[in-house]
Every structure is written in C-alpha cells, then in structure tokens.
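These are the structures, in structure tokens.
Shared chain: subunit A. Partners: subunit B in the first complex, subunit C in the second.
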Partner chain A sequence: MQLIPVSRGESFAFATMLGIVVLLAVVPVARLAQEALAPGGSFDAAVLARLAETPTVWRATRNTLIVSLGGVALAVALGGAFTLLVTLTNLRGKKALVFCFMLPLMIAPQVTALAWINLFGPNSTLLAAFGLAPAPGTRHPLYGPEGIILLLGLEYAPVVFLAVRAGLRALPRDLVEAAQAAGAKPWRIVRTIVLPLMMPAFAAGGMLAFVGSIGNFGVPAFLGIPAGFTVLVTLIYQRLAGFGTSVLSEAAALSLLLALLALGGLALNSWLARRRDVRVTTWTTAAPEWSLGRWRRLVEGACWGALVLVLVLPFLALLATAFVPAIGVALTSRSVTLANFHFVLLDHAATRRAFFNSATLSAAAAMMLVAVSVPLGYSLVVRRAAVLRAVSFATELPYALPGVVLAIAMILCLLRPLPLLGFSLYSTIWIILVAYLSRFLLLALRPVTNALQQVHPSLDEAARMSGARFARRLATVILPLVAPSAVAGGMLVFLTAFNELTVSALLWSSGAETVGVVLFSLEQAGDSVSAAAVAVIAVVVTLTMMLVANALASRVARGVLPWQP
Partner chain B sequence: MKLATKLLVLTVVVSVALAARAVAAEPSGRLVLYTSQPDRDAQQTVDAFRKKNPGVEVEIFRSGTTEVMSKLMAEIAAGQPRADVLLIADALSMERLKAAGQLQRYPEADVGQFPADAYDPGKTYFGTKLITTGIIVNRSAPLKPKSWADLLRAEAKGQVVLPSPLYSGAAAIHMGALNAAPTLGPGYYDTLSRNAAVALRGNGAVLNAVASGQKMYGVIVEFMALNARGKGSPVDFVFPIEGVSVVTEPTAIMRQTRNPSAARAFVDFILSKEGQELAAAQGYLPGRKDVAPPAGFPEVGTLKILPVDIGELLKQDEPNKKRFAELFGG
Partner chain C sequence: MAAVTLDGVTKRFGSVTAVDAVSLSVADGEFLAVLGPSGCGKSTLLRLIAGFEKCDGGVIRLGENNVSGPDVHIVPEDRHVGMVFQSYALWPHMTVAENISYPLRVQKLRGRELEREVDSALETVGLMGLADRRPAELSGGQRQRVALARCLAMKARVVLLDEPLANLDMHLRARMLSEIATFRNVSGASLIYVTHDQSEALGAADRVAVMDGGRVHQTASPAVLYRTPSNGVVSRFIGGGAVVRGEVIATFANGHATVELFGGLWQVRSAPRQGTWPAEICIRPEDLRIVDDGSGFPATVARVLYQGGRTVMEAAPATASGTTLSLSLNSSEVPAPASKIRLAVIDGWVIPNP
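So, the complex of A and B:
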C-alpha cells in the first residue's frame, strides 16, 4: 500500500526500467508478428498462404511435433524417476549425483550431439575396442528422429528434475504419514499419493521440456540435417542461410508458427494445472526418506552406471576424435596428436576470436542485466501493480520463444539503420549483444524478484520515512539483501550465453563468431577433428565455471544455481 | 554500498572496454576476405600473406559458396558490404557478381604464367588453381569404381554421397559438366537418385561420411580426399575415365572495398609464384604453369577435363538446382 508519495527519482527510474523492458522484450516480438502477418503495413495473408501450401513446411511441423513429444516423454520418464529416487530414498552421494545429472543442461546441446555422434559412428574407437562398432557402410545409428528423441530426452530430463523436485519439496508430510500409519507400503504411497500430487509439477516440467525441444537447434542440426530430417528450426535456418534476408517474411511466418506451438504448450500446461484441484492442509518441506535396504547398492550402481554411460562415454569419444589427425584414423599411440588443439587455439583466428567474443558478450550481458535487474526488480515488487504481471509475462517471451525466432525478430528490428544514430547494427557483434540482453533478462530478473518478495516492506518504508532517497535506499537497504541472488543470476546468464548457438547461428557475421557457431561451422565444413577439439575446450571451460560457481555457493542464495541440491 | 559500487564500476569499465575494442577494430590496413576454402587452408593462406604484408590485418569469413554469396548479397542490399576480396570456388558466382557490377577491375594483375581461360578477359576475377571433382572410395568398399557410370551399379546402391549444388559451387559446376558430357547426359543424376544416393551439404560432409565409414563412395574435390589419405584416413581417390570437372577457385576484388591497396596485394600474392607454391604444398593443383604440382598427382596434361560452357551454365543453373532439390531433397 502506497501511503507515502512516490518520489520523482523513483518514478523516473521506474519509467526508464519499463522502457528498457519494452524495448528488449516487447518490440522484437511485436515486430516479428507484424512482419509475418502484415509485411507491407496492412494485413496480408499471402506469405502465410504460400507457406501453408508448401509440403516441406507441414513435414517440418510434423517432424517437430514428433521429436518434441518423444523427447518430452523420455525426459519426463528419466527426470521423474531420478527425482523420486534422489528425493524419497536414502541414496548416498546425492550431491554428486545431482551435479552430474544436471550437466547436460549446462553443456551446450551441440557439444553433446557431437560427442554422441563420435561415440556411435562406424569409426568409433571406443566401440571398435569392444567389437561393437557398426559395420562400414551403414548409416550412423543416431541420424534421424530416433537419435534426436534420445538426445532431446537426455538434455531436458534435468529440466523435469528441477520442476518435480520443487514439487516434491512441498509434499505435505501428514498425508504420507497417515498412509504409512495405515500400513501402506512405500510403492503404494508413491503411486496413490505422491504421483497424483505431483501432476502439476510433472506437467510444468514437461511443458518446459516441450518448449525447449521445439526450439532446440543444435541437436536436429547435427543429427537431422545429414539424414534429410528437417524440423521447423532447421528449416528456418536453412532458408535464411541459403537465401539471405530476401526471405525474412517467410522466416518470420515460420517463426510465428513455432511461437504458436510454444504458446500452445504453455496454455496446455495452465489448463492441466487448473484441472487438478488438489488442496492440502499443511505445507512441510521434509520429504520422507525411505530406506532401500538391500537394494541400495544396486540402485546406486545403476544410477552411476547410467550417468557414466550418458556423460563419460560420449565425452571420451569426443576426446578420442580430438586427438587423431584426420577422420577415420584409429586412435593409437602413434596416431595421437595435439595438432587439432594447436590449430584451434593458436592458428585458427576464427576460433580464438570466438572464445574471446563469447566470453566478452556473456560477461557484458551478465553485468548489464544484473545492473538493470536490481532497480527493475525493486520497482516491480514494491509497486505491486498490474504492471508486474504484464512485465513478468513480457520478459518470459524472449526466453521461452525458440532462439531462432528471437534472432529473426532482432534482424527485423535492427536490419535498417537506427533512427538517430544512422548506422545499422546488423552484421556487427552488437546485434548479438542486444539479442542476449533480450533473451536472458528473465534469468537475471527472476532470482532478484524472488528474493525481493521475501524482503519485508517495513525495511524499505522505514528508510523512506527517515528521508532516504530512491538511490540511497536501493544502495543501502535493497542491494545488500538481493546481491547474492543477483550475482547468482548473473553467473547463470554468463554460463547460458557462453554456450548458446541458436541465437548466434543466424546473427553472426565475420568477426562476430561465437563458440557455438565456430563448432557448428567446423563440423559442417567436414573438419570434425577440429570441431571435436573446440567441443572439448568448451566442456572444460563450462565445467570450470560451474565448479567456480559452486565454490562461491556458500555466499550465493540457495536455489538459484540449478545444479545445487 | 561497497558491493554496489564494485558492481557499478565493473559494469562501466567493461562497457568502456567493449566500446574501445569496437572502435579500435578499424585500423588502417584491415582486409576482409570472404572465402569457401576450408578453414585450415584459408588460415594458412592468410598467414603466408601476412608474412609478406605485416601491416595488414586480415579477417576471414568462411562458408559454402552459396552461403557466402547470400551473405554478400544481403550485405550489399543492406548497403553495408563488408567484404574486400573474395576467394570462392567457381567462376559461375563470379560471373553473377560481375554482371551485377560488384567487382573491381584489376588490369595490372600478373597473369602471364596462367592459361588464357583461367581468368576473366575483363580482368575482374582470376582463377588460382585447378580443382577437379572425382570419386572418393573407402578402402573397405567391395567395388572399386573406375568411372562415373560405376556409381550407378547395384553394388553401389545406397552407398554414394554427393555434395549439393545448393551449397557448394564446385558441385554446381560438376552437375553442369556431367549434364553436358556425351556418355552421361542429363539422365545421370536421375539414375543416381534412383540408386539411393544421398546429397549432403558440402564436400567436407562427403569426406566425413566416407572416411568415417558410413558410406563407401563419394563425389568430392580431389585435394580433400588426397590430403585426408595422406594424413592416414582409410580412403582412396579415383579420377574417373570419362573425365573430371574443373573449378578454378577464382579471386576478385569487390567494387566497394574499403582497402583497395591491400586487396590488390592479396590478389598479387595469390597469383605469385610463392602463393602458387603454397597452394601446391596444401595439395592443390596450381594454376601457374611454372609451378610443380603436388606429389602423387597425375600430369595435368593426362587429365581428361569435361568442358563447361559458362554462359550456358549460367542459364541452366537455377533449373539445375531445382531439379537437384526435387531429386535429392535439397
């Protein structure tokens, strides 16, 4: 309740923040919709009609739905099972298990795809050692929809895990205890009480996995293009890469289709959540820990075995490829060479530039977003107006929409020279920075608003009554309380931006490569060994950053870094 | 207060540093090269050029010929072309650029040692090498093909990969050459697609597929196959008996270049004896008559080259690509 009049400084700051959000989040999406529906300024369905008649588009849409739904099913099964095991039983080593399980989320999808390709190809050194290598002349087993579903499921299982774990943390203990007192066995309790209560959490996780899958570029690009299996995202990419900006309207229309699919998933999730009207009487956070008894060793072995299979083996295959001089050469003590690493780190200017660009862009985006999110979060939470909900929704769009869609929106907005400055940001590195700011605003803002919602308004009001101005209040009262969350949000932005490919795949130009783009280009050009070297370096960098973030974990707010238990 | 100040200072410093980097990225002597050469070869070429011209900073943009061209055209349409000098696979794309008035003439280029049909008479673009397209074979393949017709045999069903003319300039010229060849003709690609051949994006993907053992036979440019074989990949290369198609990988200066002197120096280097010897060392057949070809190549005189009429091919290019997309799915 605003009983104290708002100062001028605060209104000005609020208006500026709102303006920034509108520019970063609302304008690109609106421009995209306009280009798809009314390219010439008036409503013109010609582009849509033309696309509706192209069988390629329908095939791509059908393929998108097939792999996404398949991926979601796999992710829900894997993520749900893992969550139940980790949260409800007395497994040992949970911290390490969770960290390893979350790795596919942090490691770039194109790196994962490359690693799996190297693991299962006919020239796989690892498989050849066991005599399991596919016969020469056979198509790669992972190329095509099955491989894409497998990798999408593995990649988004951590997302489902996060959603279901959050739900399990709020599991009401008294219902479980009542069932136990009545003599029900654990499996019965899980089936009849836990799972039904967790339906909204599963739905939320499944929806997140769905939205991620339809927008995923790295996996279908590596596993689908060589098999001629096109999904909407790769279709947009191929059109734009092959024909340039003359097909922007078409690309915008396809992006709108993709956005509609994403929104459809979101709407379905809301509907499902509303249908399940489950009310509980208490909220306790301690979930029951059932003993696995004799099965514990076996289950632990199975979990670690599965993680080794899914994480370690592909990475070893990647390493094996990075150390051979050319494709098809077996890795022996005579053939091992550091030439690929030498090439990508020292000779190939594009890779050096890419690492520098990615690091700079990610750091700049992280810092700028942290600087914006604190006053923005404060204005939103303290104001508590209907504006809060609208702005929340607006910031979710650029993150939820597929990266390719956002990239096209950025091209549309920034292709022509800027109004007052006279030069265009297209074909420079700055367009990528703007795209990152737009896309990751949510990652930086959400931890801050969550933290602020726990701050009692009396602190702020007391400072106000003592006469402190807006800037002073922000600096001395608010900032110390939200700094840990803000910094954690910044770290998350850095990690995500460093590895991303979907946005920069369409926005890069000479001199403005990112790590994801360079890896993709090298693989596309057939230089798999160099691509493997870049992938290995990217993995090492990501792991290092995650461990550094973990080391700072004690000073960082709980629940912000996704891989912490 | 301390943390906030630190954050604020950091943000300001980083923003300034980024801005300074952007400003400092335009010194005099910057050359932007758009090329479809493989990354390693392009980097080596640029490094050798920079040894002779240390004041020039070169930026490379590398992709398949079609992507390079579409990016180029997009930048020209937006009014901000970035390329200064080009080094792409085929003369077809160069002819298009020349027709659009986007190339700059360089009459003083030293072409004395090059055959007359290697460069444009109007001196807008200059062929730099002789790149032939032949057949790459995995060593464990049952059939050893000797001719283009061998790829149509039953033993090769589903085991052939070829680069797409929608991505690779060399593949586009190759399609034109085979269409015009008397014994093969336009029906060749139809039969090939009925034999379950698969179209991949570029020559690199073909190398990848055959060297890794996923397919047994591929249509590919010779230097990639021979280089891979030299490094230990289990592949062999065959010059088919009907003949091979040839692209000359021409270089040209853009009309809107911002650094004409450096661009000219680059073209001079590529056409010089030293630049051609570098190409030979990289595994290419050099264009200059006074530079020895790499070891293991047949004598240039013994190669049977399938002739291509550039003017005719320009007209046939779009219909060719459409037909290819229909046959092989693009």
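So, the complex of A and C:
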C-alpha cells in the first residue's frame, strides 16, 4: 500500500474519519445482512425459506420490477431526448429549461404524487373549476401501476439526463467533426456517431434510475397502497407498521432482497462505467450546437408545453386544493382561504412539530456532515490507497441502497440500548438523525471530493513545504478552496433531508414526526386540504433553497449542483 | 559542507523503479541541474528530497541531519526545503503578499518584521507594487517570481525547482533563468533544478547530473559533460553530434589516442588505457571539417538545415552506412544536398563506458 508520508496528527484525523465512515455506513449494512441471513448468530435460511413460500412476496417483487423497469424506460426516453435537445441544438433558454427539468428530482416524490392525485382525481379542485373532474366515486386514474410508472419516469428522467449529459460533454468534438467532414448531416451523425457512443451513458443513467425506482417509497405509497398494488418497499412498510418490531427479521430479509436488486443494478452500472471512456474534457471541446432552423420555435414550444403539463399543472392543482376550505368546495374568490396554512403551521401540533423537527434535523445533519466531509474528502483525494477506495465505496452504500433498507438497518442497530450509555435511541428523534447522517454522507462528501480533485496537489504540498501542519493546511489552504462546494453540499443535504419520507416513515415516533410523515398521515386520513398545504410549503422551501444555492453556483465545482448547466 | 547528500536512494512504484540507487551531493550554495528526458525519475528525485515521497532504500541528509532513511522519515513540514513547483502552486485565494508571507506566518512571524521580510522578497524578484494582486491577475513570469519569492522569504537553505520554465514562453525563459541565478546569489541557497532542456541545464548550473532510467549517469560541470561524457547515454543526450563505432589503436599519456574510424586513422581524446579495443567515439558537430585536398573520408550530404548564421549539415559517410554525422557550418560554405564531399575528424572523445 502506497501512502504519502504524513504527520501523526494527520494519521489520527484520518483514523477518526475512517471510524466515522465505518460506524455510519458499514456497521448498519453488515448488521442487516446478519439479521437476514443469520438471525440467531449462525446461518439460518428459515426466514428466507418462509418468504420464498409467501405469494405476497413474489407478487410484490414482480410488481417492483414491473414499475421500476417501466419507469426506467420512460425516464430513459424522456431524459435522453431532453439531453440531446439541450446539449446538441441551439435551443434558447437552456438554463431555465434544465432548472425546471431537474425539479422533479429535487421535489419530494410524495409531494409530486400528491400534486398529481389532486390534478386528476374526482376531487380535483382544479378540474372541477373547469367542470372536467371525473365523477365522484370513480377510481382515480393514476392509482395503480400505470400512474406509478408515469411518476417514476418523470422523477428519474433527470438522473438519465445527468448521466447522458456527462457523457456528451466527454464526447470528443473531433469525432463529430470528422463525420461532418465526411459529409454526414446532423441527424445521421446523431444516429451513427453520437447515440452509439452514448450507449454506456444511457445504460448508466438507466441503471441509476432503476436503483432509485425500486427504493422509491413516496410514489407507490400514494398511488399504490390505495389501489391495493404492493411493491417491496410498501410491503415492508405495511408489515412493519402493522406488526411492529416482532417482524423485524422478516423485514430484514425482505429488505435484503431489495438491497440485492439495487446492488445488482449498481454492480452492472460500475461494470459499464469501467468500459466507458472516462476522458475528461473541457466545456470548449464539447459537442457542437446544431441549428434547429425554423423548427426552433416549435421545439421550444413543445418543451415548455410539456414542462407546463408535468410541472405547472400538478402544482396548480396542489395550490388550488391548499386554498379551499374542504375537498369538494369549488375554488372561487369567496371560498379561497389561508385557513389550511394557518392550521398546519400554527394550530395542529403534529404538523407544527414536524416542520420544526424536519428543519432542525436537516440543518443539524447538513452541518455535521459538512464538518466531516472536508477532512474525510481530503483524506480520500490526497491519499489515494486501496483502503480508501473501499471507504469511498462504503460511503456510497447507505445512499444507493433503498431508504427502507437503511431504516431497517438502523432499527436493528439502535433498537437495543447502546453499549456503555445504557439507553436506546429507538423511538426517539435521534435515530432519525443518525439515519440521516448515514444516508446523506455521500451528498455532502461528493461536492467536496469533486472540488478537491480540481485543486492541484501542489497547492497542499506548497503549504507542507512552508512548514504548515495538517490542521493549519486544512484551515488556511484546503477549506477556503473547497468551501463553496462544501456549503453547496450542505444545502443538498438539507434539501434532501427536508423532503425525505422513506427513512422517517419507518423511524418516526410520536413527537418525532417529519414533514414527509405528516404529509403521508394527513393524506391517508383523508385530510387532503391540509396535506396539500404541507406540500405547498415543502415546495416553497425546496425552491428557496435551490435559488439560494444558485447564488453560490459560480464558485462551486462543476457538477455539484445538479440543476446547474 | 554538503547541503544535500543522497546515498543510494531508491524509489519504486509497484514494479517500476523510478529512482535507482542514486547518490549525489550538493554543496552549500551550489546550483545543480538534474537533466533527463521525461519519465527518467528526476521529478521523483526532487519529491524524495522534499519528503513528499518515502524512500524505499538509501539515505537522504540535509546538512548533518538524516531526513530519509531506514526507519527515518521527516515529513515535508519539518524539512524547511523550498520548492518551486512546475505549476508554481500559488494559492488562488491569497494575495501575492499572503502567498509569500505564508511560511513566515506558519513560523509565527508577525507585524513589522513580517512586512519587512515580504517587502524585501518582493523587491528581490522585482514585484514591488503587486503585493495585493491575486495569482489569477498575474502573468506566467510574475507567478514564477512569486513562487521564488516565497522560497526566498522562508529562507530555505535548499530550494528545489521542478521544471520551473516549462510553462513559460520561449522568450521569457532566458530572462527567468538569469533571475533564478540572481535568486541564488541573494539567498545563498543551494539549488537543485530539474529540467529536460539541456540548454537550461548547461547554461545556468554549476554542475549537471544526467539522469535516465532512474539512474544518474554522470555528474559534472557543463564543460566536462560536453567534452568528456562518461557513457553513451550522456554523450547522446548532451550536445548534438554522433556516437560512432571505431577501434582504439593506442592511447597516450597526454590524454590523446589514435583511433581507426571511417577507414582512416585519427587523433582524438581519451582516458589512458592499455591495449587496443573496439570503442564508441563521440563526434561533436565542431569535431569535423570539410576537406578538399583529397584527404579524409568520403561522405554524401544528406540534409541541410538552415539556422541563420550557421547551418547544420548532416552527412552520411560512405564507409559506415546508417551513421549520420552532423556538422555546424558557416552558412556561406554549405554544399548542396546529395553532393559528394570528403570529411576529416579533427577531434573526438573515446567514451569510457559505452
């Protein structure tokens, strides 16, 4: 193992960082695997065998694959087409288009689901205003697999977009120019040069979309549960919500199944990534922009029209519902009311608490993770060694694995009283904080490592030559250089944690509700107007955070803010 | 006393030996150039001296102190060795003055004293008035000077320069080279200067170490290197000219030898040695003359490269096919390409260790 020589202080800091990663990322996953495979301490296939005999499990697995693969197909089609349009043509307003296209990824899936439910259901305040709402009592058209596929496709199209755009940016311009010199027209070049070279990028994006889809809780919870359509994630949730920790072994086995599906996708992805050309090129050598000529207006119109359809209309429906006093009341100048906002922010103790909890939990997680990620990122980027690649992989696990899997791993780790301390974190708010720290470590770490990779190692070496020790170099050289990216990473953590439902749905307890949890409970209890108000507030918070982060955009490493061109 | 001593220093990366049992010593205040093609291990050598890499074998001493060796590795922070990086490594978030004063602030220097040191360093490199600029607002040559001033301010006794001119325009290089010499005179520090450009090395250094394949092949003054290269690698790498096969007939105590070459007998230089032996002989461009009195050996003009006042002519001797000899001629006396000429050898050097 080749390590660059470092001082003792630095070795100590590195060991501490390593310990944190092991505790947050490795221990929970290992504990989960142990519970599923060897609940009594030795290997025991009884739980697995019982699951294999349960038809519900098979059905849920099949359903998971159906909606995930359907969602992936839609995401690849939408994301791919959009990427080609914004990277290869002279479309105007690309920045705004990309920002809007990325929104479904940033807005919580349960919020999106709620918005679409409000748009199309028999109770749609918006459609009712135009007399278009389906008759009361009819089945909601989005309940069931088709609706889930639609929303998963919309949510993960941005993921495909990011992957393909990265691929297109690395596409050497001369390959395209050689085809132009050979006399090929743009459309032919796209078909014969660009698309074949982008296949690995498409595959990578698709695989990430797949991993996201199988772990998605918000969409199948809102659109599947009411229709009796169960996927693995909702099955685990229902078992655990219904029977409590007595079915923990079974839930662990189920989530291991889910984890294996996800890991299969990830392994395939990293195999594809290794075959991909990872040449780094600059913006200036990027693919050419082809003129759309007289079609430009039409294409622009189509893009914005589609965005209005999938973004603006659902959000308007949500707004409409949030401003009426009760479901079924038409939105008029006389019925419009702020009562729902008043209720969820001030009157209703649980939602008031939830906003406070989510804001504090997200802010605390963001700050702690930023504080860890700078020294950890430094250790990862500056000291490159085999053990560090393992660490790097370990930090990705809790984020890549479905949230339900992580939540169960957390329960398994924290159910019993902590050693030495003698009390349990289970059914307190702290278990959610620990889960957030584990799950979102990667979100804080990646911007820092991105930024550090753009810092030439000699800048650190020059400080070493000057006699500066580890802590001083970190404070005076490394931190100033990566600070904007680290802060942006913190904002991503806050944004994601604030919108999160999957983890807290299994970990919340009375008094420790999150925004996602109360949104889900209100909708399940039929209080759609309050749910809509909560969702509107969540959207406003998300958009505000994104715009605040934009202020940093020019100073953060490229690729840190996904919605930035 | 030697400022830097390397004794059998070895560094391996996996199965590649980047630095192979290198021994060198640099005197106090000496300017040593390490010259070699890219990938020869010369930058690794610098990084070993600075402490950024750990030795796999051998010992490095700075003055009297063992800094690298078996069971010893002093981290770079504690070596007090200055380095001018190829990228200059100026911190983009600090001003010129902050960059220069950084090592001093690390040493807990404050206030007036700090200002005085920074001002004096700025003055030496001619950057007064730019103290508050950011590195991004400076030209390449100015950045180079800031990097030098930083080493000056930290009063390093040993300064390592890693291809410091590689990122500069052609016309800036000569000027920066003389500024580096000034820097040496002002600071009194020992300089180890790594480069692949022989004109930089031969023109500025007191001594040059020629490196290839991780080994140092010869360390000597530029004139000695040029006139008496110790082996084939050095003679091919330094100066233009050719290495040709011949036979040493006899050597003399005055440092001369008679060799058989291109079908004739010629007088060249050689280290004394008994007997006759087949040898490689280094023939520089100025070691050949065109003769028109029927003496010499026949050759054909292969190529003519006009270079202003002088012209380089390449000729192929009729007796040794595949060999190309080059001559440096006055541009007024160059024969036409493909014409037949006769050449005489007026000097040369028998390479001791081919």
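Following the convention adopted for this analysis, the second predicted complex is superposed on the first by the 533 of 565 C-alpha atoms of A that agree within 3 Å, B and C clash if a C-alpha of one lies under 4 Å from a C-alpha of the other, contacts with A are read in each partner's own complex, and residues count from 1 in each chain.
Heads up, the rule we're going with is that a residue touches a chain if its C-beta (ideal position, glycine included) is under 8 Å from a C-beta of that chain, and two chains touch if they have at least 3 such contacts.
The structure displayed is predicted, hence computed values, not measured ones.
**Q** Just from the overlay, do subunit B and subunit C fit on subunit A, or is there a clash?
**A** Once both complexes are aligned on subunit A, subunit B and subunit C fit side by side.
**Q** After the superposition on A, what does A:136 contact: first (subunit B), second (subunit C), both or neither?
**A** After superposing on A, A:136 lies in contact with subunit B but is clear of subunit C.
**Q** Just subunit B (first), just subunit C (second), both, or neither: which does A:467 touch?
**A** A:467 sits against subunit C, while subunit B stays out of touch.
**Q** Specify the partner with more touching residues on subunit A, choosing between subunit B and subunit C.
**A** Here the partner covering more residues of subunit A is B.
**Q** Regarding the shared-chain residue A:371, is it in contact with subunit B (first), subunit C (second), both, or neither?
**A** A:371: touches subunit B, not subunit C.
**Q** First (subunit B), second (subunit C), both or neither: which does A:477 touch?
**A** second
**Q** A:524 contacts which: subunit B (first), subunit C (second), both, neither?
**A** The first partner, subunit B, only.
**Q** I'd like to know which partner A:456 touches here: subunit B for first, subunit C for second, both or neither.
**A** Only subunit C; A:456 stays clear of subunit B.
**Q** Check the residue A:55 against both partner chains and state whether it touches subunit B (first), subunit C (second), both, or neither.
**A** Touch status of A:55: no partner.
**Q** State the minimum pairwise Cα distance, in Å, between subunit B and subunit C in the overlaid complexes.
**A** It is 11 Å, taken between the nearest C-alpha atoms.
**Q** Do any residues of subunit A touch both subunit B and subunit C, and if so, which are they?
**A** Looking at subunit A, the two contact sets intersect at 476, 480.
**Q** Give the list of subunit A residues in touch with subunit B in this complex.
**A** 121-123, 136-140, 225-226, 228, 238, 241-246, 325-329, 335, 343, 347-350, 360, 363-364, 367-368, 370-371, 415-416, 424, 426-427, 429-430, 474-476, 479-480, 483, 509-511, 521-522, 524-528, 530
**Q** How about subunit A: which of its residues touch subunit C in the complex?
**A** 2, 4-7, 456, 458-459, 461-469, 472, 476-477, 480-481
**Q** Touching subunit A in the complex: which residues of subunit C?
**A** Its residues touching subunit A are 13, 50-54, 73, 75-83, 85-87, 89-93, 102-103, 106-107, 150, 154.
**Q** If we count contacts the way the header does, which residues on subunit B are in touch with subunit A in the complex?
**A** The contact residues of subunit B facing subunit A are 1, 3-4, 7-8, 10-11, 14-15, 18, 21-22, 25, 32, 34, 38-40, 43, 46-47, 59-64, 66-67, 70-71, 73-75, 77-80, 82, 138, 140-141, 159, 166-167, 198, 200-209, 211-216, 224, 228, 231-235, 329-330.
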